[in-house]
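Two complexes, one shared chain (chain A), two partners (chain B, chain C).
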Partner chain A sequence: MLLSSILVQEFAQEPAAEAHRGFNAGETIIEHVSNSGHDHPLIHLPSAFGIDFSVTKHVFMLWLVAAIVFIIVTWYVRRYLRQDRLIPSGFMNGLEAVVEFVRDTVVQPNVGHKWVNTWAPLILTFFTFILCSNAIGLIPLFDTLALLDRFLFHTSPDSFLNRVIHGGTTATANFNVTAALATITFVSIIVAGSKAHGFVKHWKNIAPHGLNPLIYVILIPIEVIGMFVRPFALTMRLAANMTGGHIAILAILSFVFLFTEMFGRAIAGIGVGMVVSVPLAVGISALELIVVLVQAYVFTLLSAVFIGMAIHVHH
Partner chain B sequence: MNNPLVQPDPGLFIWTIVTFLVLLALLSKFAWRPLLKALESRQAAIKKSLDDAQLARQELERLHQESAKIIRQARLDGESIIAQSRSDAERLRGELAQKAKEEADGIIRRAQQQIQLETRLALQQIRHEVVDLSVMIASKLLERNVSKADDQRLIDETLKQIETSRQ
Partner chain C sequence: MQFLHYFGAALGLGMIVIGAGLGIGKFAAAAAEGIARQPGAADRITGAVNLPLFLLEGVAILAEVFVLLIVLLK
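So, the complex of A and B:
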């Protein structure tokens, strides 16, 4: 899957002039999973308040995923709702099953019947958006574009296409993105608690009432730390899982080039690739399919659990 | 902090929040809320139709039992009506036969009485006739003393006269 992109990378990194620069696996892998740099953004935007708002690869990917999710979901839902009798068919069967699954097993048991319709849209958007962001990284869309560019289009390094090709495709592998998503969960927890109990009462719910005042000295800091640890855990879990799988696949595929270099023969690298790298990479990719789904589910479920904890205070 | 994997990127952070909130707003408005509402109403509709089916089944069962009861009742009624009409017919036939017999007896009795009466009248008439004839014949005989042949002729004449007078 990513073999082609590494090939392209190799060709790109090896100008005809300097023949033996050597294959730097670490650099190549990092290049493939990290965001494109702010020095070469897709669209250059001015900084405001010291923040560079330029559209980098991951911003582009967020928009792409958001557009895909919005168009597909809205298209099928609208078509479904236009019918006189609500009979789902085709893709809508799956979408409806997902929506009902999220509503009935993720949202409902946590936030309770009263708040289902308030929080189901947020949780559903979390799930679909994160799932698609995760999954799009498994599709070698930009790697195919890179191949085409390399052998067919020959665009200049400054062209938009060339800038789109570089950088990781999985936006959720970037902890800035997952931190932003976790921040939305963090705010949602406060909003949920405030809506259910009132703003002041929500903050009083942080610790149980009627205990020895001395206990609060320990308890309140712990609860406040916990408040921040939860979104932090969400952030790191998702980003690390998404990065990890990609790095593993890329490292295994790097064997092809490392062995080629080691023995000075392409056949050595290709042999190792056929026997070891590709089967292993396929296996890890299959595993990634599960990870993609599970991580989207875990983020969604934990968000629902945290929101539910703010609504139903158990002490 | 040279590793791009752990590079803080506030721009990306803010873009993510903006993108996600826009997507959330659009999807909520155009997809999730209408869909959730539709699913709920469909769920309600399914529940209602199941309840209705249950009610209809109970109603059907009740009607079934009722109709069975009605049929049973009708059969009993029919049997009792048949028995009743059979006994009625029996009774009526007996009555009719009795009546016919009485009538026939009456007719016979009346006929016998009539016959006796007629007979008596006839005998009386005969008697009167005989008396008249005898008187007539005797007077004729007394009027004329004639020979035996004459007597005979006289008798014949008289008889002839009687006969003609009768006619």
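So, the complex of A and C:
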């Protein structure tokens, strides 16, 4: 208790000390991870029906990723369809490997033979889109732009370039984006069940038949809660994983500035950066490469599993 | 007393790590043992372990999000 009271006193003095400090790690990290604010979006649009339609950075990234995926995939699929031989060449091989992997190891075992061609396109779209928007967050494209802007271009704070460098790059690190993706899964679970069993039968399938009526009093609420928890867990998993890695990297890199300020000289920060921060950040970035792939895989796998559970009811 | 929620968040993070570590460790141990006994069934064992592993990870991540909310919302 004594220790905690001392610590509390220490903490209480901290904001006063922070006021004249130049570097606030928490604020910097949050600014680099979160979406650009409503007060300075990329493109100002009027609000309609009480919704602000202004284009923020994550919306911009969503469009960018969607455009990249659409152009690359349609370009190569068109080229494959136009060529007269069946063997794909070049990048088409990579695309084919992804499609076959998702169809044969993710969709097929969960959804079953009969419904593969119905649900593979949706799951594949999820996979390519999530993988692309996860991976684009690892490329320090906008941070490089910020460096150039700071030292070369010197644009005004109102310019498009200056607004585009504020906020995080990973669209899937935004809970709203992943919530929208999980909503698609939620709706497609219902659609899958309705297509396989009929609309009324799908809702009857929520709980097993022929049990004691008293059990249903407990069972039906649990199953209904479970219905909503699944997309909620999908939302949180993807967004938190994508945010967490970036926060870890930024926190480790901010040691450089914290130590510089603590000792009052740049050499301390540079030393800590060279010995601790940069090697650790490289390690976490390598881990992030795996996380990017795994999270895209997990989202698609769980979507396929939930759709399969609606089709093959195991009660 | 206004900074006590940091203690709660830190304790919570530690307990999340303990729980998730124990769970994932048990999964990995069981899977490795199963594959060592029956190398032929490696694919099926990995497939069976994958899904509950991700569900477990999801629970841990959810807990971490709530810890973050404790810190951010106070």
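Of note:
Throughout what follows, the second predicted complex is superposed on the first by the 294 of 315 C-alpha atoms of A that agree within 3 Å, B and C clash if a C-alpha of one lies under 4 Å from a C-alpha of the other, contacts with A are read in each partner's own complex, and residues count from 1 in each chain.
The working rule: a contact is a pair of C-beta atoms (placed from the backbone, for glycine too) under 8 Å apart; a residue touches a chain by one contact, two chains touch by 3 or more.
Keep in mind that what you see is a predicted model, and the values were worked out from it rather than measured.
Contact with chain B, but none with chain C, is seen for A:69 once the two complexes are overlaid on the shared chain. Of the two partner chains, chain B is the only one that A:35 touches; chain C does not reach it.
Of the two partners chain B and chain C, more chain A residues are in touch with B.
When the two structures are aligned on the shared chain, A:277 is found in touch with neither chain B nor chain C.
Contacts of A:59 after superposition: chain B is touched, whereas chain C is not reached. Once the two complexes are overlaid on the shared chain, A:100 sits against chain B while remaining clear of chain C. In the superposition on chain A, contact is made by A:244 with chain C only, not with chain B. By the touch criterion defined above, A:305 reaches chain C but does not reach chain B. Comparing which residues of chain A touch chain B with which touch chain C, the overlap is empty. Chain B meets chain A in the complex at residues 3-17, 19-24, 26-28, 30-36, 38-39, 42.
Of all residues in chain A, only 4, 7-8, 11-12, 109, 233-234, 236-237, 240-241, 244, 298, 301-302, 305 touch chain C in the complex they form. Across the complex, chain A meets chain B through its residues 30, 33-35, 37-38, 51-56, 58-59, 62-63, 66, 69-70, 73-74, 77-78, 80-81, 86, 96, 99-100, 103, 117, 120-122, 124-125, 128-129, 171, 174-177, 179-181, 183-184, 243.
Contact residues of chain C toward chain A in the complex are 1-4, 6-7, 47, 50-51, 54-55, 57-59, 61-62, 64-65.
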